[in-house]
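To keep things simple, chains are lettered A, B, C, D and E as they appear, and every chain counts its residues starting from 1.
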Amino acid sequence: MFDKILFGVGAASGLYLVRNLYTMLMVLPDEAAQGMIYRIMFFHIPSWWTCFICFFIAGAASGYSIAKKNFRADSLAVAATEVGLAFTFVGLATGMIWAKIIWGIWWTWDARLTWAFITALTYAAYLMMRNMIPDPNERMRVSGALNVFSFASVVICYKAIDWWRTQHPGAVMSFRTGGGNIDPAMEGMTYQNLFAFLMLCLVLVTVRLRQEESLRTLEGMRRLAFTRQRIAVLG
Amino acid sequence: MLRMSWTIFLKDVRMEFRGKEALNASLAFALVVLILFSFAFDPTSEQIREITGGLLWILFAFSGVLLVNRSFVREQSNDCLDVLLVSKVPASSLLLGKTMANLVFILLVEAVCLPVFSVLYNISMFQLPLWLLGVCLLASWAIAILGTAFAAMTVNLRLRELMLPVMLYPMIIPALAAAMYLTNNIAAGKVPVGDDLIWVRLLVGFNVIFTTLSLGLIDTILVD
Amino acid sequence: MAVLEAKKVSKFFGHFPALRDLTFAFKAGDCIALLGRNGAGKTTLLHLMAGLTRPTDGSLEIARRVSLLGHGIGVYDELSARENLQFFANLLPVKVDVEVWLEKVNLREVAGAPLREYSRGMRQRLALARTFMGEPELLLLDEPFTSLDDKATALLQSLLAEALARQATVVLSTHQIPEAMAHASRILFLERGKLRYFGPCPDEMLGDSTWIYRTYGAVS
Amino acid sequence: MLRMSWTIFLKDVRMEFRGKEALNASLAFALVVLILFSFAFDPTSEQIREITGGLLWILFAFSGVLLVNRSFVREQSNDCLDVLLVSKVPASSLLLGKTMANLVFILLVEAVCLPVFSVLYNISMFQLPLWLLGVCLLASWAIAILGTAFAAMTVNLRLRELMLPVMLYPMIIPALAAAMYLTNNIAAGKVPVGDDLIWVRLLVGFNVIFTTLSLGLIDTILVD
Amino acid sequence: MAVLEAKKVSKFFGHFPALRDLTFAFKAGDCIALLGRNGAGKTTLLHLMAGLTRPTDGSLEIARRVSLLGHGIGVYDELSARENLQFFANLLPVKVDVEVWLEKVNLREVAGAPLREYSRGMRQRLALARTFMGEPELLLLDEPFTSLDDKATALLQSLLAEALARQATVVLSTHQIPEAMAHASRILFLERGKLRYFGPCPDEMLGDSTWIYRTYGAVS
């Protein structure tokens, strides 16, 4: 039953994305200054928000897991981090494509872009670190603390446009600027795509969470089997 | 609690000054990298002035990581860490004591490197000695506290000498960037005023936030 | 009047149960030999009693002053014997005369040299001094007889006797059963994380050291 | 003898590709240092073109050292090195096998870093792909052979992660300097001709001399 | 017809004499128990016989095919049991069937998993397979009984018996004299680097394991 719901939500998010794509391409007009390519923002902005939300969940779950010694929360943290990292790469890729077309270069070292890169690296390091710790308890403790630390880079990345003068555009969404910087139709479209992304994200995180949980069980069972096997030696 | 930190600080400093091995080695490392830099970036050009702060703090970050890396390894070699924890030494005392010891070591490396750099690159660093001292203290504390906390996390890893910088550098970039900027100004003889003071505030804020965070989390990191 | 009391203690590494549902209590003056095959959970149990890890389930009340001699010897190679003992003495709540202990383990004359120059036996003697000084109430020793020669073994036995005489509790894990039998008053036998036997030393064990494995160990 | 080298090469590569831990970590390290550099040296200025080679080879030298450092540590952890030597594996086979494995790892890191650097610093590195490949091969071999030999020397030191770079960098400066110069030219799209070829000859000569020397001395280093 | 012959062998670490003027010879099929107090020079002597260090003085002729089990276990944690044995088999001059050895130490079913997941006992069994495979002529074992439980000890004893049956020479250092006595045909007793006794096992040692220390060791 749960599988079916999950599948349903996944399918719905796919359909929703297709519908959004249609509206984007067929209904909305080209933007005055940027022309056709501005539509990439409907993916760029929501994917960054989705990844920030994922990292926030991961940080909170990590904090909970180390405070309460809760392995499920730890699994949630990995799942959210992995999915968040995927969205980070979508954000990076769309941003870079956009930059190539608008600025003529793939990359520049302004605060926003740099910290987006740093964020990707810190969370990649978190995942790497997990793989290197064989003891599950220590893994939860150490990587949990690391995840809490890592959230600092997300905060800096989010606030970078306010703290430094960046080449990356400043805030346009009305909840940050008070409105007036973006056409309401485009803003609406951004939220719609964000919603689709979040649905997709929910499905992915759930799937990864269950996978992680069964992996953990499997690891324990294999250890047990190994001990039994050991005992059996030489009658 | 502070008394225990002090005991641990004294022990770490004594252990290091016994052979001065890590200190000498990371000093040698810093000097070697300075030479390496002189091949990579033309040291006679005028532009070198603009990257003084960058060069120096990259150098200090590198040798700082090597120093803090030893910090918990020293405790690990004979399972001394277990003995300390069994003796009811609070993890935060341990962190504080070790951070202070590491701060001393990092400052010593800086104290040697700065004059050498001045001479080799013909840049007078000591026009504003108090500002320089302040920046060194603040930024070195940032390296020491976060470095020691992360060293505690990575101490059991086989690849700790690789993972420590990978995790630490992104985290201390704000502090390093501030230190680089301020050092550039100091080397040019400009007292930071007005807008530049934001970097000082950044350094202080960074230290306050991450010292609190590290002290709060260290218990979870070390004790199962 | 138990020094240490465990109630339904379990310890999981992830989903792997290293210890399951252990219930026991130690009294002051007990000397417990912790026996079990490789991987039975002896080290894990000692770490639990030391407070280095917390049980996943159940409750464990620990004595106030615990001292541990683990797989590593727990002294610093860069310091001298005297500095080592002084450092650990400073962390203790009671005052300890370091010189007395140096004398006791016969390291007084070389106490100024850094440990790096010591032979293995000398380092082990120092580790013994570090463990036994300060009159700990609970002594946890993980395979203390490993690689000890006859003299070091004799020293350890005499320190054990002394500690037991002042009503300390000693828990020692070992595979060398004859050595352990010299002082052990009780046996705690683990098999794959389960408590299989806890009680006084059976007479059968005196002559036949693998008796306990055969009797209480798994048949398969 | 070469058969044994090959066996050891295969084993090392298989061990590394099993978890890819050291590879991933040193890649992450290289990327992190790339970011650090962007703070230290104004990356948008034109002068960055002149120090392309310097930046890149400092980066490769750093992550290369971290990679070769693992090489003998892997053998040490369970005293495997003793077993190999007792099995009558010649020390030079061991060195050769491990050097080849390290060369592969270093080249892999370079293969990822070069395009990333190209994009991030907006410098096209691949105008002269064959020259670039040649320089990378030669200079990476220099890092690999000397690094592996020095790793064998330092493996028993407590401070090996500190001592290895201290000893290695001064030694490979000629090779690095040549690689930096050539890479600068290649990035600017200039084929090395005439006088520049002396740097190529330097690289080749360096490799020949130090490969011979390392193979000759390794037996003394490893067997007491 | 000696497998190994040492003539006036000395080994100095700097000015410290770890071994002094040792002269002895081992024949095929001998099982020598290398005894001595901590720091007597047992490990140093084994390393000399293995060819890992060369004597400072004197001459030492070594057998052709030597196999060593040192303080470390000498297998790679990152590889699986099968890959480990295959790798070491590739380095041997003779062909070895790895599967047979996996079966022998009962690791066949788990042979594909990386060693990191093995328990301590399983790793030790793998190390034993690595050491005994390929019919080495000279087997050097440094404290092989340390931390082995009853079953692992039994496996080691059976492998020893097998090796001795095919006329291999075995040298094992240990502090656990009863275990060593099961197969040892000769005793080599060192005291502070000097050879104090080399000959057949004295009858006195069977019941009293510290007899040799008391009889041939220094009085102090």
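We adopt the following convention: contacts are C-beta pairs under 8 Å (C-beta built on N, C-alpha and C of every residue); 3 or more make two chains touch, one makes a residue touch a chain.
Every value quoted in this text rests on a predicted model; they were computed, and no experiment measured them.
Quickly list, by label, the chains bordering both chain A and chain D.
Looking at chain D and chain A together, the chains touching each of them are B, E.
Check every other chain and keep only those touching both chain B and chain D; list them.
Common contact partners of chain B and chain D, which must touch each of the two, are A.
Quick one: how many steps at least from chain D to chain E, stepping chain to touching chain?
Each step joins two touching chains, and the minimum needed here is 1.
Report back the single chain whose CA centre is most distant from the CA centre of chain A.
Taking each chain's C-alpha mean as its centre, the farthest from chain A is E.
Which pairing of chains gives the most C-beta pairs in contact?
B-D
Taking each chain's centre as the mean of its CA atoms, how far is chain B from chain C in angstrom?
For chain B versus chain C, the centre distance works out to 39 Å.
Starting from the mean Cα coordinates of chain A and chain B, work out the distance between those two points in Å.
That pair's centroid distance is 32 Å.
For chain C versus chain E, what separation do you get between their C-alpha means, in angstrom?
29
Between chain A and chain E, what is the gap in Å from one C-alpha centre to the other?
55
Show the residues in chain E shared as contacts by 2 or more other chains, in ascending order.
Residue numbers touching two or more other chains: 119, 121, 151-152.
Indicate the residues of chain D shared as contacts by at least two other chains.
19, 21, 25, 28, 32, 35, 39, 77
Any chance you could list the residues of chain A touching two or more other chains?
118, 121, 125, 128, 132, 135, 137, 223, 227, 230-232
For each chain, which other chains does it touch, given as pairs?
Listed in label order, the chain pairs in contact are A-B, A-C, A-D, A-E, B-C, B-D, C-E, D-E.
Flag every residue of chain A that touches chain B in the complex, lowest number first.
Where chain A meets chain B, its residues are 66-67, 118, 121-122, 125, 128-129, 132-133, 135, 137-138, 141-142, 144-146, 148-150, 152-153, 156.
Mind listing the chain A positions that touch chain C in their complex?
Contact set of chain A toward chain C: 69, 71, 135-137, 216-217, 219-221, 223-224, 227-228, 230-232.
Inside the complex, what are the residues of chain C that reach chain A?
12-17, 37-39, 53-54, 56, 192, 218, 220
Once bound in the complex, which stretches of chain D touch chain A?
For chain D paired with chain A, touching residues are 19, 21, 24-25, 28, 31-32, 35, 38-39, 43-44, 119-122.
Which of the residues in chain C come into contact with chain B in the complex?
47, 50-54, 66-68, 70-79, 83, 87-88, 90-92, 114, 130
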